[in-house]
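Labels for the chains are A, B, C and D, by order of writing; each one numbers its residues from 1.
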Amino acid sequence: MDTPRYRTALIVGAGPGFSASFARLCIRAGLNVALAARNTAKLAEFCADTGASAYPCDARDPHDVAGLFDAVEARQGTPDLVLYNAAGRVRGPVVDLDPESVRQSIEVSAFGAFLVAQQAARRMLPKRHGAIVLTGATAGVKGFANSSAFAMGKFALRGLAQSLARELSPQGIHVAHIVIDGGIRSEAWPDPETAPDSTLDPAAIAETCWHVLHQHRSAWSWEVEVRPWVERF
Amino acid sequence: MDTPRYRTALIVGAGPGFSASFARLCIRAGLNVALAARNTAKLAEFCADTGASAYPCDARDPHDVAGLFDAVEARQGTPDLVLYNAAGRVRGPVVDLDPESVRQSIEVSAFGAFLVAQQAARRMLPKRHGAIVLTGATAGVKGFANSSAFAMGKFALRGLAQSLARELSPQGIHVAHIVIDGGIRSEAWPDPETAPDSTLDPAAIAETCWHVLHQHRSAWSWEVEVRPWVERF
Amino acid sequence: MDTPRYRTALIVGAGPGFSASFARLCIRAGLNVALAARNTAKLAEFCADTGASAYPCDARDPHDVAGLFDAVEARQGTPDLVLYNAAGRVRGPVVDLDPESVRQSIEVSAFGAFLVAQQAARRMLPKRHGAIVLTGATAGVKGFANSSAFAMGKFALRGLAQSLARELSPQGIHVAHIVIDGGIRSEAWPDPETAPDSTLDPAAIAETCWHVLHQHRSAWSWEVEVRPWVERF
Amino acid sequence: MDTPRYRTALIVGAGPGFSASFARLCIRAGLNVALAARNTAKLAEFCADTGASAYPCDARDPHDVAGLFDAVEARQGTPDLVLYNAAGRVRGPVVDLDPESVRQSIEVSAFGAFLVAQQAARRMLPKRHGAIVLTGATAGVKGFANSSAFAMGKFALRGLAQSLARELSPQGIHVAHIVIDGGIRSEAWPDPETAPDSTLDPAAIAETCWHVLHQHRSAWSWEVEVRPWVERF
């Protein structure tokens, strides 16, 4: 394997699924891996298995996010590969939604991504090196009925990604928006035997994300959509 | 003129420009017009001239927004045509933006629109009649460099509009997102003599908005973009 | 009514439905109306009723199209409002399609539009006045399964419209792409009683098209989508 | 290296640049490689170097295309990886374009792609295995001024790609549209010293294309855009 392009990966909104698969790819490639979540208890086993480190963080809080970057920097090195994976899922008819839940949902899906991207960019720009990845969803491209809260958050995230791509790419920072169009396979949501590979294998999403992060800078993608072969779109 | 399709218009984020032109069209058509803004002092002259009524309201506050609808309902009738026109404009490189300003910007551009749409939908759905209009911008379709905060807010607003269109249209509520692509003509920003009509005449935007609101329900538009003939896009 | 903005309308691919409704609006506004179709026999009754004139034309043939414009010019004046409404509908699995039918389908949907737009632009540019309207379809925005031929034609038409809008708008020519998303009501395809207005009333499409053609040049739309209130999208 | 997923690659519209880089990747992975072009003389050196075989073919001719597939099948095996790379570049103001050149341009950019995809699909569907790649361009996503002919062809190609993706993916055929947004580096168009990697390295495009073709079927991309880090978009 060549020298790794990145040294320290920070994943905010870490959990099982895509982010765990992505963390494993990073570890296999020799990166230091930091995982942040509101509740780090659920990350303990993964960290014990893989050597990743966990940090508690409320991604909607500017001070928390700044502190997270400082802590990772001190313990594992300055993050040069940052993945924002948190999302606020609130669904229901617009007339039934609780305003406070909607506010928080937007903050988790989009404002937290801004805070993380800001801290990341501040550290990456002086070196003109690094990558910021944002986990997108179909809801960020298509606003469904009974999904106004989630649509607001994921559309906002896509707007952030596109704006950052235009702003930061020419300064050497690769910004990538990975649009996951379909259900991600998990223990709770296994792949149906009658429709094989109709749910996204999280390892497969991670592989495409990894490829994008290692593209030559003369041919960068800022947005890549992945969906199961049988998914209607 | 035919019987007006709407009886009471509520414009949130009322000011000069497009919203004032739109209010004038409503008044000319015989609607009761309510204008809401954080600071109603600036609306006084317009109200005196036209007979519109002004209401103070912080669109980001759920209680304020609910109170606004109650007040308008009591004084002028239940709003069956609601325009959300507020926007939080914060610009600058992502590394320089103040997080609190960004949070408020998203809340003004998108969360406030959700609150207003929710109150509107609650009143319109029982009658299966009404229209919700959201003032969009190019920033909601294209995320520009140094515009991450505004892009987040306006993309979120577009996601809200699309989601509401899919949810509410089949229930008889017309949802429209008017994308204004260019600078709006004003006293502060007059149309340049050397490039006539290179700024949008607010009355022209209002005319198109008015047309959309009066489309036959068998041929509704949910999004219409307007731009000066000479604008690059 | 104000002085009409346009004097002579030419509709290529004229038939019943949207184009007939649009022709009626033009006639009511005092325009000279010319209708072109491969087979003009089907236009005879409409022309007798309305005073419109019919011209035979194969829109895929450069000489036919040039001749059409010359003939209309000589008899009814130079067309300053041109609508291209022809489309080549070929459907089926990609493996089953007849290549020659596909070629012709693309030529009718898109190449003919180019030929007509070219002749129109040559006559409009010297006066920096006129409008070119292209009848679009959902298939031009979304490529459906078993619809590759129609998708190619309608995507190409949209590409033409967008390119012409960028090229001709700053020279005073309004280019408009009307995306019809749904089935158009007709004798053969009546509106279902159980789902009122679930098919597009052709007169309603024509009204929106007419509005777009009369927008102030400081706020032009180049694309407007219309769909029934209950249509899924 | 794992067993190759594909055995025989056919590249239509082969030349230098992206298609040559892609052919090299295929050869390195052990695939039989067939190259088709109108004029095969220019492919002689590449074939001598690499062991690829060249076939003359006018991609706009149904019989030529069917014959091409038969010939490759007989000599090198049934193509299970097919890349369509031909494009008809005609530019200029709409009023100046030669209709016959425009017709041919659309046929090369889009109709030929249809013919090739049809032959490919006929051979791939029985095995529910294979991939069809279409080389896209910015012009297929954005219609520029003075580019109506190229916009029609490349929009049509994108419509074809999207339609085929919806139709063939659930039958096991991976359809991919690679949107190249920028100038491709070549001897004639070298990368400028003052703006390194501002032109796309064809090998870098090929790497991303290769990745897409090897995605797990639970996470396929149907469209990937690549552009230089400094390219404005």
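Going forward, a contact is a pair of C-beta atoms (placed from the backbone, for glycine too) under 8 Å apart; a residue touches a chain by one contact, two chains touch by 3 or more.
Bear in mind the structure is a predicted one, so any value in this text is a computation, not a measurement.
Participant: Which contact partners do chain C and chain D have in common?
Facilitator: Per touch definition, common to chain C and chain D: zero chains.
Participant: Relative to chain C, which chain's C-alpha centre is the most remote?
Facilitator: A
Participant: Compute the rotation angle for the C-alpha superposition of chain B onto chain D, expressed as a multiple of 5 degrees.
Facilitator: 180
Participant: Can you check how far apart chain A and chain C are, centre to centre, with Cα atoms defining each centre and the answer in Å?
Facilitator: 45
Participant: From the mean C-alpha coordinate of chain A to that of chain D, what's the distance rounded to whole Å?
Facilitator: 32
Participant: Counting only residues that touch at least 2 other chains, which ones in chain A make the list?
Facilitator: Answer for chain A, listing residues that touch two or more other chains: 166.
Participant: What are all the chain pairs that meet the touch criterion?
Facilitator: Contacting pairs: A-B, A-D, B-C, C-D.
Participant: Can you list the residues on chain B that touch chain C in the complex?
Facilitator: 166, 169-170, 172, 174, 185, 191, 197-201, 203-205, 207-208, 211, 215-230, 232-233
Participant: Taking the touch rule as given, give the residues of chain A at its contact with chain B in the complex, in rising order.
Facilitator: 62, 93-95, 97, 99-100, 102-103, 106-107, 110-111, 114-115, 117-118, 121-122, 125, 139-140, 142-149, 151-168
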